[in-house]
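Both complexes shown next keep chain A, but they swap its partner, so chain B is in the first and chain C is in the second.
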Partner chain A sequence: MTDLIESLVRGLGLGGLYAVLGVSFVIVYRATGVINFATPALMILGAFFTGSFGNAIGLPFWLSVLLGMAVMAVIGMIIERVALRPMVGRPAFSAATVTVGVFIILLIVAGRLIGSELLTVNDPFGLNTVDVLGARLFTIDIARLVIALVAIGIVGLFLARSRTGLAMRATAFDQETSLAQGINVGRMFGLSWGIAAAMAALAGALLTAGSSGVETTVALVALKALPVIILGGLDSIKGSVIAGLIIGVAESLTRTYQPIYAPWLGANFDVIVPYLIMIIVLMVRPYGLFGTKEVVRV
Partner chain B sequence: MLAVENLEVVYEDVILVLKGVSLQVPEGSIVALLGPNGAGKTTVIRAMTGLLDVHRGRISKGRVTLDGRELGGLPAPKIVEAGVGQVMEGRRIFREFTVEENLKAGGHTASRADISEGLERAYAMFPVLAERRKQTAGYLSGGEQQMLAIGRALMARPRYLLLDEPSLGVAPKIVQQLRDLIVQIKESGTSVLLVEQNASMALSIATHGYVLETGRVVMDKPAEQLREDDDIREFYLGLRGEERGSLRDVKQYRRRKRWLS
Partner chain C sequence: MTTATKESLRTVKGRPQLFTSYAREMAIFNTRVKRNWVIAGIIAMAVIPFFLQRDMVALLTTVLIFAIGGIGLNVLTGYAGQVSLGQAFFMGVGAYTAAVLGGEAQGDVIGLGLDMVIWLPLAGLVPALVAFVLAPLAARVRGLYLAILTLGLVFIGEHIFKEAKPITGGAGVGRAPADPVFLGFDLFSNQTILGYRIDRFTVFYVACLVIFVVMAFGARNFVRSRFGRNFAAVRDRDVAAEVMGVSLLRTKSLAFTVSSFYAGISGALLSIVIGRISPETWNIFLSIDFLAVVFIGGLATISGSIMGAVFVVMLPKLVNTLTGFIPGFGGIGEGGLLNVFELQSIIFGLLIILFLILEPRGLYGLWLRLRNYFKAWPFSY
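So, the complex of A and B:
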């Protein structure tokens, strides 16, 4: 029983992290129709900046996370303006390929910046635990889930309620018509990259917090967001959250129980569980759990 | 006055679609722009509203001016801010949004107070939309969608409104409603450029009319003169003499007319 609770909470923490990454992908995909493969590099760069503010300057964790997100938002907007804006009107495939290039460049930059040392952010969680119902829960897992839900909630409210959010959704739906309403479509693209990069930075901070330090290559964890957005639907924020949590929990439960019940699958089987889920979803429900099918009058 | 002078537009740098079009929309008027498919009517509107580059077109010669100020080449949002709104062909509403969100998107350039005032105006003008403000716009009927598109364009309080084929795909009864509506829009202080294939509807409310064929303005007269013109009656209103003509009598070669006016 305690095993189950510990495993579930760890999964939910992981799931919150995946959900934030999923939202980062979804925001860019909805606005520009492009899957942003640069997200992992944005994440690790975000972790680096958060760590720098925390360790080198000594700012409190919360402040350094917010500053890291702000710095990455600016970087995201610059990347959009320089590398992606010229691709407007070209096939989405070409633009997605550009993001792969951006990913490689940023990853090398991040590698140089971080160097050979382990990256840490100056977080208050560490390996602290709390006892609930006899189970020992890591505070970082709870913090990941709560922070993720709050951050995604803010982004969701912004998109649903604010005027700029409406303009961003309009741009996602029909660029030419949005132009005709006086919406500056280019600015909306930049904004979506800014938000996406900030979310990636948050994910980086949450990933690094509670660990004894990460390497640059840990960026590839962000690719777990691909199964998340496929399960949730490429254009649904709600879908990202639910799918993120499902995949996080599935991975965590597998890690706990697979060595006991199915040891013949080998070690580290949990790592591939998200991708297995992705393949199954693609076969059964290619638009995901919450992806929109087009609204048509019959 | 919104005016176009000697406008030439090319698509993809090779296809010359407008070959020197001039037209004027004076303040407080409804101006009709008639013409068959492919004449370049929509291109005129795109050139006036900055949407050419979306379609890989550009103005190669001529000017678009608003009260003498050059608009040609400005990005579309700037033109909306300058007071020129449009309803695009095929309505182009945001189908996945609610009715109210569509209207709010139309008021993107307006201030917060203007948006709530504009919403009230739109709902007063279109009671149907008020009933359905929380419904998904994609499920409205064609006529309702057209009204939503017009209401959305009016949210920015344009001084000039360009309407591209509002009667397209709309029931005849609704066409009558749209007609009255366009007059109402003019009366409330927004001048209208009405691009139409439904010539009898357009000429019945317009003060002035232009006929565009293969990228040239071939006729430019006050609307009542156009209504009396024999060629317009035959080719655009389907009338011959006093009788309503039969399509059987229309000879294709007669259509290849040279316009000498």
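So, the complex of A and C:
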């Protein structure tokens, strides 16, 4: 029982992380129709900035996370302006390949910035635990879930209630019509990239909090948000929250129970569980739980 | 051949560029110049290793192998318009098929030690079969969905490769690749022919060249066939293609299967050049390399993929050589602005972006511009 609670909470923490990354993907996809393969590198770079603000300047964790997100938002907008804007009107897969190029560059830059020294994000959670119903829960997992939900809630509110959010949704819906209504579509693209990069930075901070330090090797964790957005639907923020939690819990439960019940699946089988779920979803329901079903018109 | 088609294939005397039939225009060498250049190119490629150092020959062999894999991916991405990040997975399947059939058994690792005549085709056919099984799944999804799906395949494949110890040797350990013994003739051993001693790397290069030429011509012929036209139709407008009676499922499955066949052969040969293969070889970054071959080389051209392969494989060597002359770069440690490896990767990423933005047709597009410039030289304006 304690096993179950512990792995459920760990899964929800992980799920929160995936949900934040999923939202990062979804926002770029909705605005520009591009899967942003640079997200893993944005995440690591965000973790680096958070860590730098925390350690080098000595700011408190909350402030350094916010500053890290702000810096990454600016970087995200610059990347959009320089590398992605010229690709407007080109096939989506070309633009997605551009983000692969951005990924390679940013990952190297991040690795060089981090260097060989250990860089933590100076978080207050560390390896602290709380006891609930006899189960030992890591505070970081609870913090991940709460922070993730709050952050996604803010983004959701912004999109739903604010004037700019409305403009962004309009752009996602129909670029030409939005342009005709006086919306600066290019700026909306930039803003989407800014928000996405900030969310990636937050994910980086949450991932690094409670671990030993920022490393480029964990970058590919961010790609697990792809199964999340496939399950949730490529254009649904609500979907990516729910799917993120489902996949996080599934992965965590596998980590706990697979070595006991199905050891023949091999070590670290939990790492590929999200991808297996993704393949099943693609077979059964390719547009995901909450995604818009693609309507093809001739 | 009937008289009528014979008639239509005839060239008008003194007018080599005048095509009197569709068949002649679509012919593999529709102009004499093209044929002559291809023959010259093949001869040059066959002769060049005899004048080069051993490490350069090995590098050129890698170029040929990357070109094979790149052509395969280009059939899928360039011609059929389906982006795949799964090339590394299928290369891995091909490499391990070859290693199991043609390698030697060591301890727990299986190796049947069969001849290359058997393992080479199977190294292509087994990945093709895997792709064929997965194809209905791949055909359901469009565009970027396929990229995500195949990305998942790479991660799942890496896990399977790490765990299937009798086949792959397991994580961090790896296994020896297949032995390239063709009908009893070892293609990776020093040979003496007519008194000349030929290095084993050169021997293997020539073998790869033969395979490469066969596969490149195969692909070129394939894409100008009925199936190739189906691919282009699906790429350009899948709905329209379907309305015209092109089966999406069949076309996409075929593209995926053919592409994986090429990937498998490429993987099997690459494992021999590497010398020892570990499951970590077949990761997402290898897939990105192949994506770069296709995009930098130029979408939907076979010759572009060859140029792309030359470029991607030679780039590290080039950067390595050039950094010697620029202060601040180079070195392999922490010093300086960037070390050689980092510089290579950044240039690599930058070139992918620049080519896509500035010259989407890739190196092939640059070549076209150059050719058109000199076509009417000195009146090229």
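As a working rule, the second predicted complex is superposed on the first by the 290 of 298 C-alpha atoms of A that agree within 3 Å, B and C clash if a C-alpha of one lies under 4 Å from a C-alpha of the other, contacts with A are read in each partner's own complex, and residues count from 1 in each chain.
Convention: a contact is a pair of C-beta atoms (placed from the backbone, for glycine too) under 8 Å apart; a residue touches a chain by one contact, two chains touch by 3 or more.
Note that this is a predicted model, so its numbers are computed, not measured.
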### Task
Report clash or fit for the pair chain B and chain C bound to chain A in the combined superposed model.
fit
### Which of chain B and chain C A:161 touches, first, second, both or neither
neither
### Message
Which partner chains sit in contact with A:35 here, chain B, chain C, both or neither? Use first/second/both/neither.
### Response
second
### Query
Thinking of the overlay built on chain A, is A:223 touched by chain B (first), by chain C (second), by both, or by neither?
second
### Message
With both complexes superposed on chain A, which partner does A:179 reach: first (chain B), second (chain C), both or neither?
### Response
first
### Message
Quick check for you: in the superposed arrangement, does A:276 touch first (chain B), second (chain C), both or neither?
### Response
second
### Task
Could you tell me if A:169 is touching chain B, chain C, both of them or neither one (first, second, both, neither)?
first
#### Entry: Which partner, chain B or chain C, touches more chain A residues
C
### Shortest span in Å between Cα atoms of chain B and of chain C, once chain A is used as the common reference
17
### Query
Can you list the residues of chain A that meet both chain B and chain C?
294, 296-297
### Task
Write out the stretch or stretches of chain A touching chain B in their complex.
89, 163, 166-167, 169-170, 173-184, 292, 294-297
### Residues on chain A engaged by chain C in the complex (per definition of touch)
34-35, 83, 86-87, 90, 92-98, 100-105, 107-109, 111-112, 115-116, 220, 223, 226-227, 230, 265-269, 271-272, 275-276, 278-279, 282-283, 286, 294, 296-298
### Query
What residues of chain C sit close enough to touch chain A in their complex?
77, 81, 83, 137, 140-145, 147-149, 151-153, 155-156, 159, 162-163, 239-240, 243, 284, 288, 291, 295, 334, 338, 342, 345-346, 348-353, 356-357, 360
### Message
Per the contact definition, I'd like the list of chain B residues that touch chain A in the complex.
### Response
49-51, 54, 75-77, 80-81, 86, 88, 92-97, 101, 104-106, 108-109, 136, 138-139, 152, 156
